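What follows is a structure written as structure tokens; I'll ask about it next.
When the chains are written out, they are named A, B and C in that same order, and each has its own residue count from 1.
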């Protein structure tokens, strides 16, 4: 490897009171990587994402974002989060703002742009997700897929170096997942570094540069999609991916 | 009938003067209530533990005792310990503090009913807690609390009717003077009731309009 | 020590008004309950005429300050019958509270699912029987939280009958303040007393609410 990693996790632990959710996760992510995190529910995938952008900082272990150790004491967490975009399962669009307002508010309040600059950039980001014509709609007037695309545009507006996706299509009706996955795939092709928690195996095969299988708070196995899907080394990985892939095949009748 | 019209001609000018005082009392006290209730509500939810407790005591005291006793405490009681207010100052202060306690409590409810995801999403795009409260949580909470606050505004219009007991010449104060002067208490208090009815009716229509304006498109259920 | 002594003597005097306050509140609440439930029933089940009568009552009375209602009724009552200030004041307060309670019970009646009425009629009850033994009992329970809130409001509003000369807590407080010339202590004591009273009432109402909550 000649490039420096964009994100590096070293022995990350996370506990909530008595519950030990992450039990020592180490992971290195290179620029332009698209990492899809898979595994049974409740194994700490979402927690891992929230540790990375410090929404719930790790209880132990270290994380580097580019050359900065963001888990070090005294780090400005708000500044760190600006460099890490996050997209949530249930969108979390700001209810009182239009689609445009949702993208602009971070630009004016956090990046301190003036109204004009913020407007132009926000429209550009909405265009990227194909929603310029919905700019003046409020969240309650948008479909689930549209909401999620606005949420992606909102995150992109902050000019993140890494994007985290926490089950971005789980709350969507099946016919709406496509538009969101398309936007994500396009992002990956443009070279955005992404970490995606998802059960969309088709997407993982097509877009991921690496699959990471997590279970019980540990990383069990990681590797390129071909290897993970076709020749996993670990028995648990094989079982899980078989089950979820066959479920998906049956479900969609492809 | 002739007699009644004559009485009406005699008392209406004074009652109109009283109405101006009543409106002034309600407006200033409400504004004071917002000025107190807004930071108190925020402090109750987001402040440090000790501040939450102090505000909690303030709310309990003002919600747990009658307005009239609060008014007498401020106007008659406090001079005893060296704090003296004019009639009007005492009225403004009591009504304002009383309203502030209720408004703080309503705001607390609204702040807490804004989903947790809103704060998380705001923090995720790099906002500080203060920024998130100011530009994401508070604007939503204020819209949620608006219907309750407009009820409070109407209630305030009616609450002001006790200040005549410390001789503030509001609508009710003028009524009392007129009732004694013309020996027609029933007729005069009926006329006053009609005055309040009209004031409250107008306030209701205006506030309804404001609520409608502040609605977030696509969200239903706030205003019928 | 002096202040404490003062406070105790003052409290002792004011407490004699406590029972009057409690009784004014209870009488007003019961009168208000009767007016409130009746007019709520009229608004939900009555014909056009009764519906309008009840609606005008609730809307008009709620738009006028309680103290104005008390004044009007006090003078109206005094014109025709010789009632004590206590009774006249309590009745007037109750008549005012009835308008607010009407609103509470109307909402509660409407919140009882329509299927309850249908089912009652289906087993052969008359409309009145169905209202009386099926819908109303459920509505009363649904109304409990809001009614409890109204009860504490009436408790606090009962100070208003002081204007017609009822010797409740506030009037006693004024008397003691005039006698001892220590208004701060007098009104402070009254506030403490009331605080205790409202906290106690809230606790009690919370208990009643938990006990009679409907499992739906």
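Throughout what follows, contacts are C-beta pairs under 8 Å (C-beta built on N, C-alpha and C of every residue); 3 or more make two chains touch, one makes a residue touch a chain.
Only a predicted model underlies this, so the values are computations on that prediction, with no experimental measurement involved.
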> Relative to subunit C, which chain has the most distant C-alpha mean position?
Replying inline: A
> Where the centre of all protein Cα atoms falls, which chain's Cα centre is nearest to that point?
Replying inline: B
>> Could you work out how far the Cα centre of subunit A sits from that of subunit B, in whole Å?
In response: 47
>> Just the number, please: Cα centre separation of subunit A and subunit C in whole Å.
In response: 57
> How many angstrom lie between the CA centroids of subunit B and subunit C, rounded to a whole number?
Replying inline: 21
>> Using the touch definition from the top, which residues of subunit A touch two or more other chains?
In response: none
>> Residues of subunit B that contact two or more other chains, please.
In response: none
>> Give me the residue numbers in subunit C that touch at least two other chains, ranges are fine.
In response: none
> Taking the complex as given, what residues does subunit C use to touch subunit B?
Replying inline: 60, 63-69, 71-72, 75-76, 79, 156-160, 162-163, 169-170, 173-174, 177, 182-188, 190-191, 194-195, 198-199
> Considering the complex alone, what residue numbers of subunit B touch subunit C?
Replying inline: 60-61, 63-70, 72-73, 76-81, 158-162, 165, 172, 175, 185-186, 189-190, 192-193, 196-197, 200-201
> Any idea which subunit A residues touch subunit B in the complex?
Replying inline: 53, 55, 78-82, 84-86, 88, 90, 92-96, 105-106, 109-110, 137-141, 151, 154-155, 157-158
>> Help me check something: in the complex, which residues belonging to subunit B touch subunit A?
In response: 115, 117-118, 120-128, 131, 135-136, 139-140, 143, 216-219
